[in-house]
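Sharing a structure, written as structure tokens. Questions coming.
Labels A, B and C are assigned to the chains in the order they are written; within every chain, residues are numbered from 1.
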Amino acid sequence: MDSDMLAGVIEGILFGAGDKISLSELCQSLNKTPSEVRFAIEILKQDYQSRARGIRVVQVKDTYQLSTKPENYEYIKEITKRQEKTGLSRAALETLSIIAYRQPVTRIAIDELRGVSSSSAIQRLLDRGLICDGGRLEAPGRPILYKTTNEFLKTVGFSSLKEMPEYEVFSQGRQEEFNLEIMTNETPKKETSHEEMLTEMLEKATGSEPSAEAAQ
Amino acid sequence: MDSDMLAGVIEGILFGAGDKISLSELCQSLNKTPSEVRFAIEILKQDYQSRARGIRVVQVKDTYQLSTKPENYEYIKEITKRQEKTGLSRAALETLSIIAYRQPVTRIAIDELRGVSSSSAIQRLLDRGLICDGGRLEAPGRPILYKTTNEFLKTVGFSSLKEMPEYEVFSQGRQEEFNLEIMTNETPKKETSHEEMLTEMLEKATGSEPSAEAAQ
Amino acid sequence: MDLLIHLIQKNKIDICDIPIAAITNEYLAQIKTWQDMDMDVASDFIVMAARLLEIKARALLPQNKDQAEDEEDIQAKLVRQLIEYKVFKEISAYFKTREEREQGAIYRDPEYIPTNETEAPLEIDPVSLELCFKRLLFQQEEETEDIAPPQKIIRELFSIEEKILEITEALLQAGDEGVSFSELLHPDITREEVVVTLLSLLEMVKTSGLRLVQNRVFIDFQIEREVEKNG
């Protein structure tokens, strides 16, 4: 079996299984070395880059799975009558991003950073399988340490944690005042207007004090 | 959209649907003529002839479906068998969980919740004797209702369905079927403490004024 | 948190110089316009107000010299924390766009491959079954989460506006003497109505020249109309 044929067989397996398949499973049942299998998968990936292809290989660590290309979702959604999936809530996303960059981390540390209790968000992330128990902190009370799962990587489209942008990318973005390209057009707008409303409220509150005093 | 891109979109549709899709459905939802769609499918077919490809388009009259190439059957069977040894596939487990909690339930209802076609998973569960035909729904088409079997109870180690963990207790977000008693007991308490906080805040904030006046 | 960051960056406000009374007034004003408010903003405002109060309270408390951190340290810590939080907000916006993109990927169910061979007995962990089901449900219901578990919203039985009218009426009838707080409370009054009565009184003190006279703490107090007294 040459690499081309191996690529074909692997495509068949991934298509037939539907689910994710690990490198070791592929090696075992095909009786091939990891590097042979990896090379064949590279051939597939190359192939899928063509615009004439509508599928892709999703790799999370050493597991592989086929999926449709997200950019075609609008066309596919209609004909396959898919229900709109709902994304994570703001609270869950905030909690998730703290866990992603600070893992392993305790609930208390997350609460402190967010300024509000995160226990319901954490429960939700656990239920969704995006985070898991990553041991205990050797401190009084031995609190649970949370870390992200492979399901998290799949949800945000990374093949490993190493692919996440450095924390510094974001902290520098702060100094440059919202010059982050990665941020969409939609979300920050909403965020800003939210912020603006709050600012207005507080400014009104703080602004009104001198006049109230003057009136006395 | 050129033919190449159309081919990619169609591949995505056929992949995502899992089922047969007719030419007219494709034309309608893509807003293309039959000859345009046929041409794009020819591009796909051409592509699939390569040995590096493990899938093919199966055409029956004017319907299309993707499937694995029969010559790779042995490899695919091998890996499916391997997976089955370690338990049910994710698809089968998801389907089983829906049937267990929502029984008796139709295939359509399962598809809707999972967002993909579950017919293959249902077939697998029927084969394994974990679910069975539980009558018909009195609705157009009289669809089959599925329910779990005694074999299922044995497999999960329960003596009756009543032993199933209650998911409502954990999923706080659910609106329907939520335990009303818990709500009525808890909420007023919370309401009061909120009010108390507010009162406290108010007293603190305004409290200085009346007492100052009273001192006059 | 959002707002605090904003203000600190703009240097408009010193964390320790936050006028609590003013914020509380604003809070009260907001209650009136409650209906047309975005609940998200409203709850954020409450959280923020509470936070400011806490900071203020800490600043007002006598400093303990044994404390490891002095006031400036606490402030610096807060600023650091705020900036950090801001960074994580940006990260979560980034994750959101990635998540949205990935939601467009469609996965496929396994192809049905019949196996004739006798299969090994299965053992399924019921917990995994339950988790599976919950996960499926959550994918459709996540958006309900942001504020918390479903709660019954209790209809407001007593409004401050109505109560103010009621009190004004009582004061008019009582004349110069005024009324005592206890006179405003009927025997089978609910806790809620007491609170509303108190709130209304406080509101009236602020807006319509009312004065409260209490001779000693923990006893009933008298409510008088200031305008008439002066006049």
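The working rule: a residue touches a chain if its C-beta (ideal position, glycine included) is under 8 Å from a C-beta of that chain, and two chains touch if they have at least 3 such contacts.
Everything numeric here is computed off the predicted structure, so don't read it as measured data.
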| item | value |
| --- | --- |
| Overall pattern in which the protein chains touch one another (line/ring/star/complete/other) | complete |
| Farthest chain (mean CA position) relative to chain A | C |
| Chain whose averaged C-alpha position falls nearest the assembly-wide average | A |
| Centre distance in Å when chain A and chain C are each reduced to the mean of their C-alpha atoms | 30 |
| Interchain centroid distance [CA atoms averaged], chain A/chain B, Å | 20 |
| Distance between the centres, which are taken as Cα means, of chain C and chain B, whole angstrom | 36 |
| Residues within chain A bordering two or more other chains | 15-19, 66, 68-69, 72, 76, 80, 82-83, 85, 120, 124, 127 |
| Residues of chain C engaged with two or more neighbouring chains | 21, 23, 25, 27, 106-111, 113, 134, 138-142, 145, 148-149 |
| Contact footprint of chain B on chain A as seen in their complex | 4-5, 7-19, 21, 25-26, 28-30, 43-44, 47, 50-55, 66, 68-69, 72, 75-76, 78-80, 82-83, 85, 120, 123-124, 127 |
| Chain A-facing residues of chain C, complex | 1-3, 6-7, 12-13, 18-19, 21-23, 25-27, 30, 38, 40-41, 44-45, 47-48, 51, 81, 83-111, 113, 131, 134-135, 138-143, 145-146, 148-149 |
| Interfacial residue positions of chain B with respect to chain C in the complex | 12, 15-16, 18, 67-68, 73, 76-77, 80-81, 84-85, 87-89, 91, 93-94, 96-98, 100-101, 113-121, 123-124, 127-128, 130, 155-158, 163-165, 167, 170-175, 178, 183-184, 187-188, 190-192, 195, 197-199, 201-206, 208-210, 213-214 |
| In the complex with chain B, residue positions of chain C that touch it | 20-21, 23-25, 27-28, 49-50, 53, 106-115, 117, 119-130, 132-134, 136-142, 144-145, 148-152, 154, 191-192, 195, 198-199, 202, 205-206, 211-214 |
